[in-house]
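The same subunit A turns up in both complexes below, where it pairs with subunit B and then with subunit C.
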Partner chain A sequence: MKRLAIVMALLLAAAALLPAKGRQRPQEHFYSVDSERRIEGTIKDLLFEPRYQDRAPFLVLVVEEKDTGALYRVEVSPAWFFGRDLHKGESVKILGSYYAKDGVDNLIARQLQAGGETFRLRDSRGFPTWRGGPGARKGWRRGPGM
Partner chain B sequence: MKRKDFFLFFVLPFIGILVIVLTFVVVNRAFIKKKTEDLVHEQVLAAAEILRVNVSHFLEEGMAPGRVLGLYAGEKNIYYMALLDDGENILAWVSRYEGYLPFSKKDAGRLEPWVIESPAGKIFNLLAPFELGDGRVYVLYLGYSLASLDQMLARADRNFVAVLLMLGAVGAVFFTGLFGLQKRYLAKEREAEAEKKEKERFREISAFTSAVAHEIKNPLNSLNLMFELLQKKGPPELRDDVAPGKAEVRRISDVIDRFSRELKPIRPARERVAVREVVEAAWRSVGGECLGPGVEFRYEETEPVAIEADRNLMLQVLQNLIRNACQATEEGRVTVSARRARKRVVIRVEDTGRGLPEEARERLFDPFVTTKDKGMGIGLYVSRKIVEAHGGHISAAGGAERGTVFTITMPEEAHG
Partner chain C sequence: MKKILTAAAVAAAALLAAALPGRADDLTLSLFQNSTNNLFQSSYPEKDQITSLAFSYAKGFEPFSLFTDGGYSYLYENSSISYYTQQLGLDYVFAVSSKTALYFAAKGAGTLYRSEFSDLNYLAIGGVAALKSYLSPSSILKLNYNFDYRDYRWSLFDYLSHLAYFSVDKYFPSRTTLRADLGWGYKYFLHPFPAPEPAVEEPLASDFVATMGYGGGRGYGGGWGGGALPPPETSGPGAGLQMASVSGLVAQGLGERVGIQVSGLQQWTLSGRNPFGSVDEFYLVENPTYDVFSWNGTAASGQLTVEGPWHTQLKIGYTRFDKEFPGIEAMDLDGVSLGVLRRDKRNQAEARLEKNFSAVSLFFAYAYIDNHSNDPLFEWDGHFLTAGFEWNLNWGKGG
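Entry: the complex of A and B
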């Protein structure tokens, strides 16, 4: 009985820590239109960060800027949405919202250009394209540009 | 009806009505849209006010800004929300869409709400500053979904288009019907006019024939009496020469009598007439005039057919047609058939004779038009007048292989 009470208390504590259903926890960084930045560089690494309660990986690139050699952690989109394979060493151009965290330069990507294709990941105010709207079906892209 | 008249009387009024309805709908829609938007804005402002009071209450209680916002993060119509300090720095924020908080420093200090477009629909944005009891100042930034308004407006648009299409379709059907009716009315009017002219013409011909007959008959009678006197009292050697002259006078008299008879106004005395009886009577009287001995006559009917008509006049028509058919057929067949077609009776007189040239067919029923060497050209004319006097119609066409087909369409016998 005592053991059951302990288990129940632990479960309640865990439930209290988990976000309520349908609610979202406050997020750390948003797409700020005021801090938009454009970089051009090469992919140093490709990461798939677990998100969505570990149900889907999120594509993150580590990009070295061509001119300055600075490294950027670029948040692209859920991996399922990005309809093209990227490779280390590939040249990319990225337009995104910049934020710094723990001494790391981060970009939340809005547009990504690779291999002559432009991927529209968010609208001009940062609405994520994979959540609906025009081009929501697999990495909306257009011809050379940017 | 001319294309221009059709445009003036049908297309133009239709377009006019459409424009009036369209204008009314568009103006009305704009008004309703404006009112609805105002109403929604008022409601959103009221909701934002309640939210602001609640948030300030939780903050007063010492709850962290992030936790306070977390309480409202699952609200259906709140797309994003942020708490700003008095320096317009974002202290905490929540969003339904990952990283989506369309706040810009340029928006700081906006007193009036504003609406932005997003792929998830219109979003009502509001900055609501408030002060806590301890003097701390916060600004609540709220993004409230106007999706329901969008849906309502989209539905109104769809309904508007549907109504417009329906209106167009109904209007098109209505005006097409009206046009059809008008066309039919004009055709009837033309027909009546033509019939009137035809009657007038017939009356003139009739009057002229009567006058001519009267003027010729009197001297002819005198001439006939003179020939008889010559035959009785003249020198015996002249009597044989007088006889042909007398016969010619009689022939002229017969021609005049026939003209007078044929061109009398037609007043049918209707009775129930079995078509078979009239056809047989007509064949008996004119069958002998068939050119060749190899002409076969045939009458066909699938069931007894009767019409409401003047027996003698119909006999005259069928005599004319059968005589013509016989005279045109040296060898072959003359077929008369009768059948019911809805409330009409169709009688066909068909021969396998030499046929009629196309150009002759057009004027065949006009007076004094004939293709025969000895004909006067009034038989078919009179036949047409008789058939029309019964409310029927007669036409001529080429036969299936050769020959001619005359088709009479008559009203069926009256029932009851």
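Entry: the complex of A and C
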């Protein structure tokens, strides 16, 4: 068992030491609370897109705003870190940081409301609150509880 | 001492990786206070309180991200079961296309118990491979495979397991989501005990049942039933337990603040049976005799989610289980076999309230479980209460 633990530790440390790749990434936009905007609309499409250096691809929604018909590309979270599955046709309300790029309206979502539930994706300063992949971590929810 | 050294090696690897330059991510600290009137979930109820202090840390390194979390749980009345658990891993998400993403993770974990429960200390390695794909914008396919190997101090519990799940869903304009799931799993106990043929007829038992299980004695209350197990030096060859499941879910959004869902599950034991004399569940304390492989039967559940004012969310749920434990004979309170397999019918009601502030979330949860069994030791009910908070700390660049 000791040998197993040491091998495991060495493997993880070696993996963490791997050099970063010099991949080309799109220009990054970071969350700004000064540019927050609320929209309400319907999901028209869903995509997995690279958004940040050193980050997994993000789930991006194409949302048509209910009142204006304007299309927004809404960055939700890394592709795997959003517990609920979203689909085309779902009505959503989104609070997020707005920026325009190449004539496209973009939102970095902080809060998303869909299907009678509100999902907090970032805190009030814009820092991410998502965590956990399919191999979900154990936590206080273990045992009786939802 | 060996355990301390190996835990230190894992922790050192985590610190080394965390100290390397990379994108800073988040640290979450949590503190939960749990209380129950039936810690060992039996007809001999024992009250206890558990304080759990935990951390979770994640940091991105192209192309991986490192995650680690650890926690210490202290039991006030049964302090010898208090335990520390630690997990460390690397994961990787890759977009095959704009509609399909792959996820891989490799992780190691360990749990250390105090004093008399130290036989349950273990180290584990595991892996996850998963795929998520939008078949169409309104339909998602998911595949998930989990591998787990555990090395316990008491080798009776050592195992290797594989679990695979497949699911597909469809969203309709009526705001209805339908989902179907298929599951398959195989668990191989590396050192179970040789045993005589069971007295109970088991229609699903395979050819190798004779190599698994035993029929002796049982332990009541005040512990995890160690008295029900023969001494470790009698360990024998390995044996497997195979399960499959099918489940379905219907979810419906009602207005902007209410969501409901109902789900059902049927699980089968395809081969093998539990190689233990008893299967036990404890509140918040992992028991190696119980997991998804240890039972077959049905589950049906319903859940209501309500968005309340002031950033609160309330979930109310009910689940009904009907479980049979292959290889586990129901016994009377003197430990005499009743000649049938143990079968439990459980009603479980739960409520959970969550309140979010900017970086802190508060949680309150209550559950009531009413368990009926043909084994009188498992004829019990219990109340389970949890309150606590999570605090998210972030630094470095956003994103």
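Simple rule for what comes next: the second predicted complex is superposed on the first by the 96 of 146 C-alpha atoms of A that agree within 3 Å, B and C clash if a C-alpha of one lies under 4 Å from a C-alpha of the other, contacts with A are read in each partner's own complex, and residues count from 1 in each chain.
By definition in this document, a residue touches a chain if its C-beta (ideal position, glycine included) is under 8 Å from a C-beta of that chain, and two chains touch if they have at least 3 such contacts.
As the structure is a computational prediction, the values presented were derived from the model and not from experiment.
Student: Pick one for A:50: touches subunit B only (first), subunit C only (second), both, or neither.
Tutor: In the superposition, A:50 touches subunit C alone.
Student: Contact-wise, after the overlay, does A:34 reach subunit B, subunit C, both or neither (first, second, both, neither)?
Tutor: first
Student: Based on the superposed arrangement, let me know which partner A:87 touches: subunit B (first), subunit C (second), both, or neither?
Tutor: second
Student: Kindly classify A:129 by the partners it touches after superposition: subunit B alone (first), subunit C alone (second), both, or neither?
Tutor: Both partners, subunit B and subunit C.
Student: A:120 in the overlay: touching subunit B, subunit C, both, or neither? Say first, second, both or neither.
Tutor: second
Student: Check whether subunit B or subunit C contacts more residues of subunit A in the superposed model.
Tutor: If we count touched residues of subunit A for both partners, the winner is C.
Student: Touching subunit B and also subunit C: which subunit A residues?
Tutor: Shared contact residues on subunit A (touching subunit B in one complex, subunit C in the other): 20-21, 23, 30-31, 123, 125-129, 131, 133-134.
Student: Give the list of subunit C residues in touch with subunit A in this complex.
Tutor: Answer in residue numbers: 2, 5-7, 9-10, 12-14, 16-17, 20, 22-23, 25-26, 28, 30, 32, 34, 52, 54, 56, 58, 60-67, 69, 85, 87-95, 97-101, 103, 105-108, 110, 123, 125-126, 128, 130, 132, 134, 136-140, 144, 146, 151, 153, 169, 171-173, 175, 177, 251, 253-260, 283-284, 286, 303, 305-307, 311, 313, 315, 317, 348, 350, 352, 356, 358-359, 361, 363, 365, 367, 369, 384, 386, 388, 392, 394, 397-399.
Student: What part of subunit A is in contact with subunit C in the complex they form?
Tutor: Contacts found on subunit A: 1-2, 4-6, 8-13, 15-18, 20-21, 23, 28, 30-31, 43-57, 78-80, 85, 87-91, 93, 113-118, 120, 123-129, 131, 133-135, 137-140, 142-146.
Student: Quick one: which bits of subunit B touch subunit A in the complex? Just the residue numbers, please.
Tutor: 66-67, 69-70, 73-74, 90, 92-106, 116, 118-120
Student: Can you list the residues on subunit A that touch subunit B in the complex?
Tutor: It is residues 19-27, 29-34, 75, 108, 122-123, 125-129, 131-134, 136 of subunit A that touch subunit B.
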